[in-house]
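Next come two complexes, and both contain chain A; in the first it sits with chain B, in the second with chain C.
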Partner chain A sequence: MISNSINRKIITLLKVQYSNMLEYRVEIGLWAISGIIPFFMLNIWTNNNLNESINISDVMLSRYFLCAFFVRQFSVVWVVFSFEEDSLMGKVSPYLIQPLNPFIRYFAQHIAEQITRFPFALIIAFFFFIFNPESIWIPNLGILLLSIISTFLSFIIQFLIQSIVACLCFWTEKASSIERLLFIPTLFLSGLLAPVASFPEYVKSWIYLTPFPYLIDFPANLLSGNQTSVFGGFSMQILWIFLLFPVFRKIWSAGTKKYTAMGS
Partner chain B sequence: MSKNIIEVKHLSKSFDISSKEQGLKGTLKHFFRRQTKSLKVIKDINFEIKEGEIVGFLGANGAGKTTILKMLCGLIYPSEGSIIVSGSLPFRRKENFLKNITLIMGQKQQLIWDLPPIESFYLNASIYDLDKFEAKRRIKKLSDMLEIDDELFIPVRKLSLGQRMKSELLAALIHEPNILFLDEPTLGLDINAQRNLRKFLKKYNKETNATICLTSHYMKDITSLCQRVICVQNGSISYDGKLDLLLKRLSPVKEILIVCHSEKDATKLEESGFSIKNKTKNEITIKIENNLFTSALKTILNNFDIKDLYINEPPVDEIIGKILIKKDYDI
Partner chain C sequence: MNPRKYFKVYTKFLHTSLASELEYKTNILIDLITAILSLIGSIFLLSIFFQNNGSIGGWEFEQALIIQGIYTILNGITNTWFNPNLTEIVKHIREGTLDFVLLKPIDSQFFISLKKINPSGFLEIMLGIGLLLFCIRINQINLNLSFLTLFLITIICSICILYSLWFFISTTTIWFVKTWNAIEVLRSFLYIGRFPLNSFSFTLRIFFSVFIPIAFITTIPSEVFLGLSQLWEIFLEVFVATVFLMTSRKFWLFALKFYSSASS
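And now, the complex of A and B:
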């Protein structure tokens, strides 16, 4: 009964948010194109033969960066910016007096946006294969399924991290500046600019203790067929979700007590 | 006898406010050593509201009316005291409590800007666990009451302010709440839209026996909807009671414009001991205290030969304005 009601809420939220996102289809197409950093990185790596230093072939490296692009497309999170704006404009107030946590709305917005992004990402992949025909491969169904799950878990980790930062809006109006600080390790340690395997051993040993390599490196390696520990990767993703969720609950609860309903 | 649906005891609220001195020196000082002070905006207030009542909160800007409404609906946490609304502690925001209330803030919208209002209505319906058929029935009923139809299918961004406000109301009432908190609901609306909104609220209150707590700077909202008002001054309650009594208390005199047959008659009236406001030729305006009004009127009619007579009640806006302009007005 309860789960039916929650399912209905989520489905309606998704439908409405998807309709809303379709109003911005051109913008979403542009956002999808703007996520092509991995392809620039691929170019830098291959032109400088950097892949030789980490014993990875050109083909595997191009597949890795294509997968990194895909993982990034379906795990990108901007909740801190939405919440900050809504908080400053007083839009959070009506959400707070509804029997639905506002973050579920933002979650649905992200999922709806990912669904809208999907065809654009496929078009970009199509062009990638035209220019790199040697990279074409078809992952087996099991790997594909695991990669989708790990990408979704990566999205949840990023959503939780940003939601925790977003809740700081209850104390400081500009929580997004803290998110910008987090963007630096995310960029360098997640595998977006370089596979984590390329880092020196002593650096790798502590990078793997942070959530960052499980955001892009792990799902991208899994999908591209590069060597990775499936069990270890999933365990760490689940562990980080279990660690971050109570922190979010705690900070949300403390923050709403601090809320002043500014701007409304 | 209706039961109390809202009970507020010794309620206070303080906010931490940071202050900054003017100029570059002040800016640098503010950057390195931010000074904050605690400001008590609501000070030990008590009141009760009965089921089905429409209560208006009056006060100057910054008096604390909106802060009280925000605490009543559970949006902000009280610093001291207790609030019980519909048997619940508002700030806990339990599902049952949230399904019983709504908050409407003029110019603040919950509708999705780029989609037609109907999409937001069905979304709200699912948030409040209404099935599709029930949602459809309520949308039909409320849209009939609010007299909106085609607007339901036009993107919100293309609606006029009045149409948007009606849609906001529909979105906020789809779960048929028992308690409505309305903060300046007619802000920015034209006269007709204001009148329609008041008509709707009256009807909604009559049909559902909903309790309505309202703040507004448009006195017509207060006079046409509220029998009871709570005046808030500097965070304290200075008056809680019937609107009629407040008006009598704030305006203890009535004015009578008397048109005499001649200037001579007017002069005779002027010299008879009444308090004169002004006199022009054969017209004279006198001020009479409310409790002496009937006897004074009898005296005038019996002793003076007058052509015509007009009784002027001071405008409500002017009377209430005294509270708003002068923050420490003694009620």
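And now, the complex of A and C:
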């Protein structure tokens, strides 16, 4: 009975958000295009034969960057920007009275956006294969399933980190600038611009303890068939989720206690 | 057209927007850290490219740093002037407040392009200049008057091209209303301005010098900086910048014919 009503809630939320997102399909299409930076990076790598020194062949590297593109497409998070706008506009107050954590609503928004984005990502991949026909490959079903799970886990890690930053809106007005600050290490260390395998030793020695390589490098390696530790990657992803979730719960409950609506 | 009037109005713009931006002091500090980290990140990425190669596309590491410096300066200019103003156009058109701008006894393009200023971009400009000064030392460049004038001319042309690109996309808001993501696409294309044009493959090089002249924006000023550029390149850049500026002006006047106030 209870599970039935929860199911209904999830389906309704997703349906509403999906139809909402479909209205912005051009927007989302453009957004998908703006994620093609990995392909420019690939061009630099292969055009200058930089990959010879790190022992990754042209084909494997192009698969890697294609997968990095895909993982990035399905783990983009923007909750802090939505939440900041909602809290500045005073929309958070009505959300708070509803018997549903507002972040569940944002979560559904993100999932719906990913579903809308899927065809665009496929079209871009199609063009990628036209230009690089030698890199076509079909990952086997098990690998595909595992990498979908790890992409989803990467999405959850980023969603949790950003939700924690978003909760800072209760204390400061512009939490998004903190998010922009956090985005810099994510950009350079996650493997979006260069595979973590190519990093110098003094970075590699500590980077695997941070969440960054598990955001893009690990799922992309898994999907593209490059060398990676499946067990280690998954356990670190789950570990980070277990570490971040209580922090989010704490900061959320502290923030809502602190919250006063405009004009109070 | 009365230059003194415009100058007076501009000082007022500066005064009001600085006053309002300085209310968020912590924000400026966070933006400074973001700019520094972002520069460190790009130099880190460059060092990965160069760790086993002496040169990329004919550029050595010390020379490629010049491109980073120029990119940082231009990015600072974008963040100081273009980004805050031109994202405002979207707001004007969505909320119908463009009417008020058009009714003012002042040029509308001047008003919407220069109204706001974001001081945190200054720090980025200074960082870039600092990096360039460092590059002068490590590349042993002789400073003389003709070098400085040529460099200033090319930089000013780059700024004009950059401005026109931003303004062009923002103008399309009149038809499409929401162009946030088109701006994101431009941003991701501009990202390749961090690297020498010669490091890309032939097709991309053509694309980035003919369709979106990002090549002109950073590569030619850097070549001037190194004393490597041909005279025709500088003339070409001046020509492209003039064409872009004039087109952006024409396009704005053309687009205004299609502007109908909100809900009309």
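FYI, the second predicted complex is superposed on the first by the 262 of 264 C-alpha atoms of A that agree within 3 Å, B and C clash if a C-alpha of one lies under 4 Å from a C-alpha of the other, contacts with A are read in each partner's own complex, and residues count from 1 in each chain.
By definition in this document, contacts are C-beta pairs under 8 Å (C-beta built on N, C-alpha and C of every residue); 3 or more make two chains touch, one makes a residue touch a chain.
If you're wondering where the values come from, they're calculated on a predicted model, not measured in any experiment.
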Simultaneous placement of chain C and chain B on chain A, clash or fit: fit
Partner chain in contact with A:Ala261 - chain B first, chain C second, else both or neither: first
Touched partner set for A:Gly35, first chain B, second chain C, both or neither: second
First (chain B), second (chain C), both or neither touched by A:Pro246: neither
Touching partner for A:Gly142 - first (chain B), second (chain C), both, neither: neither
Touching partner for A:Pro133 - first (chain B), second (chain C), both, neither: neither
Touching partner for A:Leu187 - first (chain B), second (chain C), both, neither: second
More chain A residues in contact - chain B or chain C: C
First, second, both or neither for A:Lys9, with chain B first and chain C second: first
Partner chain(s) touched by A:Phe199 [first = chain B, second = chain C, both, neither]: second
Chain B and chain C, minimum CA distance [Å, superposed model]: 5
Contact residues common to both interfaces of chain A (with chain B and with chain C): 24
For the chain B and chain A complex, residues of the former touching the latter: 15, 70, 73-77, 91, 93, 95, 98-99, 101-103, 105, 108-110, 112, 114-115, 119-120, 122-124, 126-129, 172
Complex interface listing, chain C residues touching chain A: 24, 26-27, 30-31, 33-34, 37-38, 41-42, 44-45, 47-49, 51-53, 56-57, 176, 178, 180-182, 184-185, 187-188, 191-192, 195, 199-201, 204
Sites on chain A touched by chain B in the complex: 5, 8-9, 12-13, 16, 19-20, 23-24, 90-91, 93-100, 256-261, 264
Footprint of chain C on chain A - complex, ascending: 24, 26-28, 30-31, 33-37, 40, 43-44, 47-50, 52-53, 172-174, 177-178, 180-181, 184-185, 187-188, 193-194, 198-200, 203
